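Written below as structure tokens is the structure these notes are about.
Lettered A, B, C, D, E and F in written order, each chain numbered from 1.
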Amino acid sequence: MKLIIAAIKPFKLEEVREALTAIGVRGMMVTEIKGFGSQSGHTEIYRGAEYAVNFVPKVKLEIVVATSMAEQVVETIAATAKTDKIGDGKIFVLDVQSAVRVRTGEINDDAI
Amino acid sequence: MKLIIAAIKPFKLEEVREALTAIGVRGMMVTEIKGFGSQSGHTEIYRGAEYAVNFVPKVKLEIVVATSMAEQVVETIAATAKTDKIGDGKIFVLDVQSAVRVRTGEINDDAI
Amino acid sequence: MKLIIAAIKPFKLEEVREALTAIGVRGMMVTEIKGFGSQSGHTEIYRGAEYAVNFVPKVKLEIVVATSMAEQVVETIAATAKTDKIGDGKIFVLDVQSAVRVRTGEINDDAI
Amino acid sequence: MKLMKLLPLAAIIALPCAGFAQDTAVVAETAAAGVADDTPQMAEIGYIFTTFMFLITGFLVFWMAAGFTMLEAGLVRQKNTTMQLMKNVALFSFAALLYYALGYGLMYPGAPADGVYPDSWMIPGWLGAFSMASLEQVGGSPDTDLTYASVGSDFFFQLMFCATTASIVSGTLAERIKLWPFLVFIIILTGLIYPIQASWKWGGGYLNETLGFLDFAGSTVVHSVGGWAALAGALILGPRLGRYGRDGRVTPMPGANLPLATLGMFILWLGWFGFNGGSQLYMDTAGNVADISRIFANTNTAAAGGAIAALIMTQVMYGKPDLTMVLNGALAGLVSITAEPLTPSLGAATLIGAVGGVIVVFAVPFLDKLKIDDVVGAIPVHLFCGIWGTLAVVLTNGDATFMGQLISIAIVGAFVFVVSLVIWVILKAVMGIRVSEEDEMTGLDVAELGMEAYPEFSKG
Amino acid sequence: MKLMKLLPLAAIIALPCAGFAQDTAVVAETAAAGVADDTPQMAEIGYIFTTFMFLITGFLVFWMAAGFTMLEAGLVRQKNTTMQLMKNVALFSFAALLYYALGYGLMYPGAPADGVYPDSWMIPGWLGAFSMASLEQVGGSPDTDLTYASVGSDFFFQLMFCATTASIVSGTLAERIKLWPFLVFIIILTGLIYPIQASWKWGGGYLNETLGFLDFAGSTVVHSVGGWAALAGALILGPRLGRYGRDGRVTPMPGANLPLATLGMFILWLGWFGFNGGSQLYMDTAGNVADISRIFANTNTAAAGGAIAALIMTQVMYGKPDLTMVLNGALAGLVSITAEPLTPSLGAATLIGAVGGVIVVFAVPFLDKLKIDDVVGAIPVHLFCGIWGTLAVVLTNGDATFMGQLISIAIVGAFVFVVSLVIWVILKAVMGIRVSEEDEMTGLDVAELGMEAYPEFSKG
Amino acid sequence: MKLMKLLPLAAIIALPCAGFAQDTAVVAETAAAGVADDTPQMAEIGYIFTTFMFLITGFLVFWMAAGFTMLEAGLVRQKNTTMQLMKNVALFSFAALLYYALGYGLMYPGAPADGVYPDSWMIPGWLGAFSMASLEQVGGSPDTDLTYASVGSDFFFQLMFCATTASIVSGTLAERIKLWPFLVFIIILTGLIYPIQASWKWGGGYLNETLGFLDFAGSTVVHSVGGWAALAGALILGPRLGRYGRDGRVTPMPGANLPLATLGMFILWLGWFGFNGGSQLYMDTAGNVADISRIFANTNTAAAGGAIAALIMTQVMYGKPDLTMVLNGALAGLVSITAEPLTPSLGAATLIGAVGGVIVVFAVPFLDKLKIDDVVGAIPVHLFCGIWGTLAVVLTNGDATFMGQLISIAIVGAFVFVVSLVIWVILKAVMGIRVSEEDEMTGLDVAELGMEAYPEFSKG
């Protein structure tokens, strides 16, 4: 199995979720994060003092899928989250050794 | 070492933490997440408009433990987080290559 | 590539970010977490009732870097986040199999 | 409140609420007044002063409804906030309806004229007759008694006291009680329980006539009544899940939004000037307005005394001052001075309030010892300090007797507590008053209302 | 408001605002009054009562600006909160300036004396002359007419009504309109549209003189006017991105902070006592103060009726009560009683308010069907219930005619809606009224103002 | 405030606070009044009007305490919010006690009768005698002077001004000062510093008698005094950690809850009507109530002017309007008009307020240049605009002289700043006024109070 970690723009979340459901992804973990990257660094003024905004709000998806499915999931996210504007995000793939579904005790591919 | 990632029901957090402490887990990272899974998808009405609730609040645990301990930790979480109701959550295990304790510089098993 | 996960004290975030930028890290994901560890467990009183505070606020950094850079990043974080006080945090390193930059489709080292 | 009023009721009975009589009435009166129609008749001036005073102090007491709402919304956990808001808006609205439909009539059957109670009592001195409130006709009526105030202003003012009593209950029972059973209780409380017992004192009933009970603005008649009803509810309802460990360990469930709670406290403090000041009931002479001034000053200093006492107590006892206790302390000071805000000197008022603040600091953990789960501390503030304040009347008002106060407290307490207990038991049996364990864990907002109070804020 | 006033304007015209005339004036008057200078002359008493009443009811209406601000800040999404706060502070401030510079003069050209309009009208009965507001000289003027109230208090009170009208618009158009075009519209609304149409009724214009239109405190003149302007804006501006799916699916965008919204509702409820009560315009006799009391009591019960109606309706229709609808319901009750808060009995007032509550529950989804995106429900509350309330006058006030009410509603509505529509179209063409898609998705706070309302709270 | 008052003090001295004298008193008076006991004597009417006016404007000023609390709680960072709430509740409570114990007596030793100061001065014109405040007896006293108002109402009203001064300090020093040293300073400020300097003007002291200083409602006597004390504190306390980089870079520390800050601003705006209006001190004649009306209208328009000025300035200077500056701007307008809210025309008042708004926009970054860390902008608003407003009196009030104003500002400023500086230095030496670096980074809520303001909201 693979753990797919993706940082995307918040307003893309719903679209990505629908696309993933469409290809059969049955679960994920979503976290609000502060992203730092090339998009960062524009400046704002607060009460007359200028300052750099280094973090931009992003959404992190963590999805565990069967190895066979991983590529498709990555492509789907990449396709759906794309706006061609800087800050679209990143997708990372890691190896998962095992998985358990708490409710049933099913393991690995059956668990996800 | 192993990284154990678990998504559980929020109200189970305290119980799970106690159970893990009991078996000697000395640290973890806890994050509030929005979970998507089979539990998701009931509908609500807001100001007369019906809509589907796709995300349910979950808590994500991330725990790094010595390989020898991994299985026991997974079992403990699975046992404690269980309510037999849909949405109980998932547990994933990943490989960790190295660990460092910032304060002391200790590494790997000594760091956790 | 490596995924570096670090739990540090919140007020160290800016310092660490600057140090990492200095050594050429171009991106990261930052999450507010509740940390459990040896630092935890002091007690407070609320309306006359004593209770233990088991979680302390921490910041989690997730950074994917080229394998060649991983060690330096770990050292930089360790050096910058250090206060020699309990609760300084931990750094974990995991293997990353692949990476994609959504905007451009670049992969792996080019993506980060 | 100094004296109950025959006249409003007389007025009520006398006048059908002739809606469209407006213009005729106006014309009539205008004609009567003749040329100088815009200069009040001398006899009207006191009436205008007192009526206007009721409207102003009345809207201040109304504002307390917002105060309770913010206080409670700030002291419950995030997941039960929408429900707490809902309960507070709904309870005020139902109180308004019920006090109109039943309460006002029951509460003011009128004082006895040389020992003989008017027929407006069903059981003389104990139970008034049923009648819906109605106001003078538009334009006022020629035969209005000008020595008091307009029925409308009196009704408006008194209604707010009834609603206050109801607000007290919602805080104690928060985070676990179902909406509708709670509202059913509120309907009974505001339509029957409150007005009936209030008639004993302010309606010229037994406590007033026979026991010489003194309760200027309602430490007992309003606050302890709310407290008793809440206590009965808390006993039947039981504590929140996980609140009390077997080992007697108390798990704090910190309020989610302390700025809101603090705002609520300030709103209540402000409203209390109306609560106590308006209870002077007359502003038609220099003496009365000077008394109202005393009341404002005393009310303010009592609150300050309560807050400071709680601040110092928690600093000393726990090593760290506890804001929620300080907020309760200020309210405790206010409740404590409510039974007699007029006669104490500024110093005495400060001390009476300070004692209230001390009581709260001890009462809150004490209730936890008894495993009585009072989410916002309403019982310590309104019941305990209501009793203290009622007894403290004897310290500064020579007309009050310790026994007269004590017996009255007991009578009112017994009546309200027992009746409430019975109603809660019935409600529990009939419709169930508590949400399911799962719903309670999920939080009432999502489980019962499907609406989060802070949907976009992630929970830490 | 019962009658328009010649005198204030007379005063305005008569007196230059002689700032430093203070002391002389004071001296003069003091001298005049002689020894008993601190006892008001009999003739002054009614004047003092009414003036003071305006100041108090006026500050209550001012407080409504905070109510709208909190209501709207609570019902928009987190990312647009700072902008909503900004718009509300700014719109009140501009309303204050414009009503001073143009509005007050346009609104009160004065009623015709035996059929003949004073020259203070440019178009008799339809358009007043331009003049900036100015107050009596310091110390008051010897020749002040004592039968009404001071110009300052009247101006202060009336200004708040103008600002209220503006507040209504901001809620509907929230989360997508640019700051400056919005403020330009507000300037036109408060400087021209509102006062001109208000002069038709309260300035003694056509609707008042010829159609016998009755609108006590402004269900039409204030609330529906705000509603019409908002509706025109919503049509030109279009709904928020993603609000309405092609398949007719409506995507709810829940308010980010319901305690804030609830606080706003309570503030508005409180302010409404001033809004309706002060519209009695006189408190110089027992009859007038008794009427104001009726108004307070009726206003309160109508709000309660509206809240309960919405509570029950949503419980029955959706299975779960909807807090945001209950808040709208209370406001709906208030708007509904505003056209005639005096003549109804308490029972009638409750029903009139309750009908308002029902209207809102149906109107909100109805507007969504039409893809008209009203973020806070201002159109159902202020426009729909404003119309209902204006028609309901005939139920309790014999002087009102159904046709007179209906035609007046239509005239005011047509004028405000058409003029607003034109202005919105022009603004759209000239400066553009809507933020870019990207900015809207990012949220106006960061995109337009670079300032988050809750910077430290992570978004869930 | 127009003139200081001999009489209240006379009353104070004359009457012991005879708590239980109530009934006798009441009876007496009633008897005196005889049959028509509910119609005020003609001579009482002005007294009732003025007294009631003080109670109402007084509760409005009380409400400002909630305004400061919300404003500050909204502008500090999340981690210091509970502490800010605590400080505000505590400072008001201590102010209430100290003004009763010391302040009121010190502040009103009474004006000189033909040049001779009464013995109630320790140092004639400069330092009053010590005496605790006490009110007329219950029921009022037969020999009350009816030309002014009740002592109770005057005390209540004046107390709130003292508390306002204290509230100003807490905002500037937020996020780093320890609770108790702060409260010790507040005790000295409200018990000694404020009343002593206030007696120079309002107590009939030197500034009033000799310099002809005019400060109607306290731009200098209240606001700049708070500002000077805050400035002294900020200098001794130093800026927040990380606020100013070596390279002169300023790190913004954005307020955590802008809706709260906006609510606070609206509360202050509302309270200011009482602050300035009540300072007319009399409402017993048509002239006085007309003046109060002028004051209400001018106060409102000045706030609007300040807000709009700040809105436009920030738009022009930074390209984006800054809400926090707009909030400061409205308050700046209010402070600016406070020294003379009566004599300006509406236009002049708007401009005076607008200048205040401009001042704030420049003053806030200016203080940052000087590395003076004022968390909420209290120094620009209350000190800078307090000075501006005091000087601006000469523009519309012929009685004011530029030098008289300037010298008075200097005397008051020197006294308050120096004394405050000394006290801060002593406090720093004796108990330490600043929390540890670690505690400051952790946040005062957890470190000092062990209680988070928003425990369940995760920090973004």
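The rule we apply is simple: a residue touches a chain if its C-beta (ideal position, glycine included) is under 8 Å from a C-beta of that chain, and two chains touch if they have at least 3 such contacts.
Remember, it's a predicted structure, so these values are computed and weren't measured experimentally.
Think of each touching pair as a link: the shortest run of links from chain A to chain D has 2 of them.
Homomeric contact chain B/chain C is classed as different-residue, with under half of its interface positions used by both copies. Averaging Cα coordinates per chain places chain E and chain F 31 Å apart. In whole angstrom, the spacing between the mean C-alpha positions of chain B and chain E is 53. Centre-to-centre separation of chain A and chain B, using mean CA positions: 18 Å. In chain B, the residues that touch at least two other chains are 31-32, 34, 44-46, 57, 94-95. Shared interface positions of chain E, i.e. residues touching 2 or more other chains, are given as 42, 45, 47, 56, 146, 254, 257, 263, 320, 322, 324, 450-451, 454, 457-460. Under the touch rule stated earlier, the contacting chain pairs are A-B, A-C, A-E, A-F, B-C, B-D, B-E, C-D, C-F, D-E, D-F, E-F.
Here chain A touches chain B in the complex through residues 1, 3, 14, 17, 26-31, 62, 64, 94-103, 105, 111-112, going by the rule given at the top.
Taken together, the chain E residues at the contact with chain A in this complex read 441-442, 450-451, 458-460.
Contact residues of chain E toward chain F in the complex are 17, 19-20, 22-23, 25-26, 29, 33, 36-42, 44-45, 47-48, 51-52, 54-56, 58-59, 62-63, 65-66, 69-70, 73-74, 81-82, 85-86, 88-90, 92-94, 96-97, 100, 132-136, 138-140, 144, 146, 149-153, 155-156, 159, 179, 257, 260, 263, 448-459.
For chain F in complex with chain A, the touching residues are 250-252, 254, 317-320, 322, 324-325, 361, 364-365, 368, 377, 460. Chain F makes touch with chain E in their complex at residues 42-43, 45-47, 49, 53, 56, 60, 77-78, 146-148, 254-259, 262-263, 265-267, 269-270, 273, 277, 282-294, 296-297, 300-301, 303-305, 307-308, 311, 320-324, 326-327, 330, 342-348, 350, 396-399, 454, 457-460.
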